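Data first, discussion second: the structure below is written as structure tokens.
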């Protein structure tokens, strides 16, 4: 059973690698990281910090861009082009197919992040900043965040158009990063029902700040290993939940 | 035996063929009372596609679904393949429910106007599908090479599908449908986009498969292909199965043709009033009378015998499938009567 | 007009293309110049409309540090324009506040901000407040309390206070000998010779720098002499 999902994953990986969007985003990301070295005269002593900030943030941003642009249209493209009809008439369940698509894009993200991490580390060395092992933690958590967002975009793309799926995913991303503010807002407002709604939103929407250790890493603060474990489990729970929901919705979908 | 009785017996045998076989261990596909209504638009306006379609396909048979555009052929196939969920009805494939994904390991499917991944080459596409069947690597490579040769695509296998013509896509589509040596092959308009040579090749291929025992469910609106390949034909009209015809017994018309030595007159004219009369030929003084039912045939023959009118021939014309199809659609036959008797 | 268009149409294609290109270029140059003028004029207004750090903190959805860096560039450029005489730094503190609110660990922003506030704007209390905010967010950083001490020592000539802040800086985990040296100097300058001796003694015992040890020893001797002269007695402890 795993073979079918693996075949779809490998095909998805091949498709995204041969997709020109991926190259453009990757090149743009590399340029941005490189340009951080050019802006160093304006930094007034903060060069190391700025290079690290630009590198880590652009990895996250461009990963998000890939997920939104590629992930949102992946399923719809197959539905519209009817490539799905010949796949789902093979001995593969719809859930396996979706998992394969998800894994394929996740592997693409991983490869992209690896390339960008290497470039980032080289730029750091060129700027005479010694990279610390805690940067690996930042790369890892960025990858986890993008994996979670990838699962969300797969879920949304099973029932809305690519544009809406991208918008919904972006909204999830924004709310996910404002999670604690949402909770505080409810507490501050004082009204019971507002507090309750805030609480529901807080627990329902994944708190993406869990994966944001960029500031801490750049400023040399330690990152606990337990935090990495918990973040991994947190990501896993949401990924499983989203993929399960996506499978249920997709199972009922008709391929006219 | 009385001529009347003999004629009646022949007519009855022609008009009432034996019933379709009931589901047996050798049946590959069973479709019972399939109903499907699409709901489209913001207000979910109902659009009936199937209104109760039933048929069986025994093992080794080629069953063709013939119908006009929008008759429900593709919807029927998609219901069978669980791509579309029917509102009512039962479907069994190989004796089990059609939703079981394991049954699809024994099915091959070619959709109408197939689309495939533009970024893959023909060979990569077949490899991808072969992996979905769980084929080991060595088997995959061998089978792909075989199929590419079989569909005449060996020279184009390493070109990306985005650059394929319609005909090439159709051939690759057929190849992917045959990857797993399916027991049931479902083909939706398999000749689309093929030139006459390509169509001939595909027909030959399907004939070979049929001889090899593959059960084929075929949908098309090209009648000559059906006549060449199908064992039985189901005519779909506006979501209903209008009729099923056994191609081995020919397409019998639903009337009798009686060739008279002269134009009907007098009492004979009274008997055949309402029937269609055609001149027997420019040099023949007689007429061909199309008698719609057995009773009128019996009376006509009796009167001719009593009155001494010459009856030259009585036969049930072998109507072409096209005529049957057009008649089922209500388009009528191409032979218009000059007058009615 | 119609005649002109007709005449133009009769020209060869290459000439038509050339004329069209020249016209476009002219329009581009003129409009860009106009845009540049407007941009320079609006540069000041732009700073006025920068949102507060508090809002930006929420609005940057996880990219606070990079937005802080972007604002930092704008702050540095703003200061550069001031040095060229373009404006009077009125929005400088707002920019620094935004940067430090977005990234409270941005030490360079506090440092540079306080320097500009104290040296260019002559607003020493505001400079010290900024540094104190920085200390709240970065309690282990020695540079910020040191800079407060520096402001008291150089600008206010309040040596007692300077000494106290230098001592705080010296107690920070990664403080260098520099901080402790200044603490001791300040104490001495303030007339608190006993305190000064204690600080120099601490430096002597903890530093690994031989030059520092020699200096500490020398300064202890000087302080003890001064003390002797003042009170006619030795301190309670001596080497």
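When the chains are written out, they are named A, B and C in that same order, and each has its own residue count from 1.
Going forward, contacts are C-beta pairs under 8 Å (C-beta built on N, C-alpha and C of every residue); 3 or more make two chains touch, one makes a residue touch a chain.
Small disclaimer: the values here were computed from a predicted structure and weren't measured.
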Report the chain closest to the protein's overall CA mean, measuring from each chain's own CA mean. A
If you take the mean of the Cα atoms for each chain, which one ends up farthest from subunit A? B
Could you work out how far the Cα centre of subunit A sits from that of subunit C, in whole Å? 36
Nearest whole angstrom, what separates the Cα centre of subunit A from the Cα centre of subunit B? 51
What whole-number Å value describes the gap between the mean CA coordinates of subunit B and subunit C? 85
Which of the residues in subunit C end up touching subunit A in this complex? 58, 61-66, 68-69, 72-73, 76-77, 103, 105-106, 108-109, 112
Under the definition above, what is the set of subunit A residues touching subunit B in their complex? 3-4, 6-8, 11, 14-15, 18-19, 81-83, 85-93, 252, 254-256
Looking at the complex, which residues from subunit B come into contact with subunit A? 38, 78, 81-85, 101-102, 104-105, 107, 109, 111, 114-117, 119-120, 124, 128-129, 131-134, 173, 176
Can you list the subunit A residues touching subunit C in their complex? 39, 42-46, 49-50, 53-54, 56-57, 60-61, 173-174, 177-178, 181, 208-209, 212, 214-215, 218-219
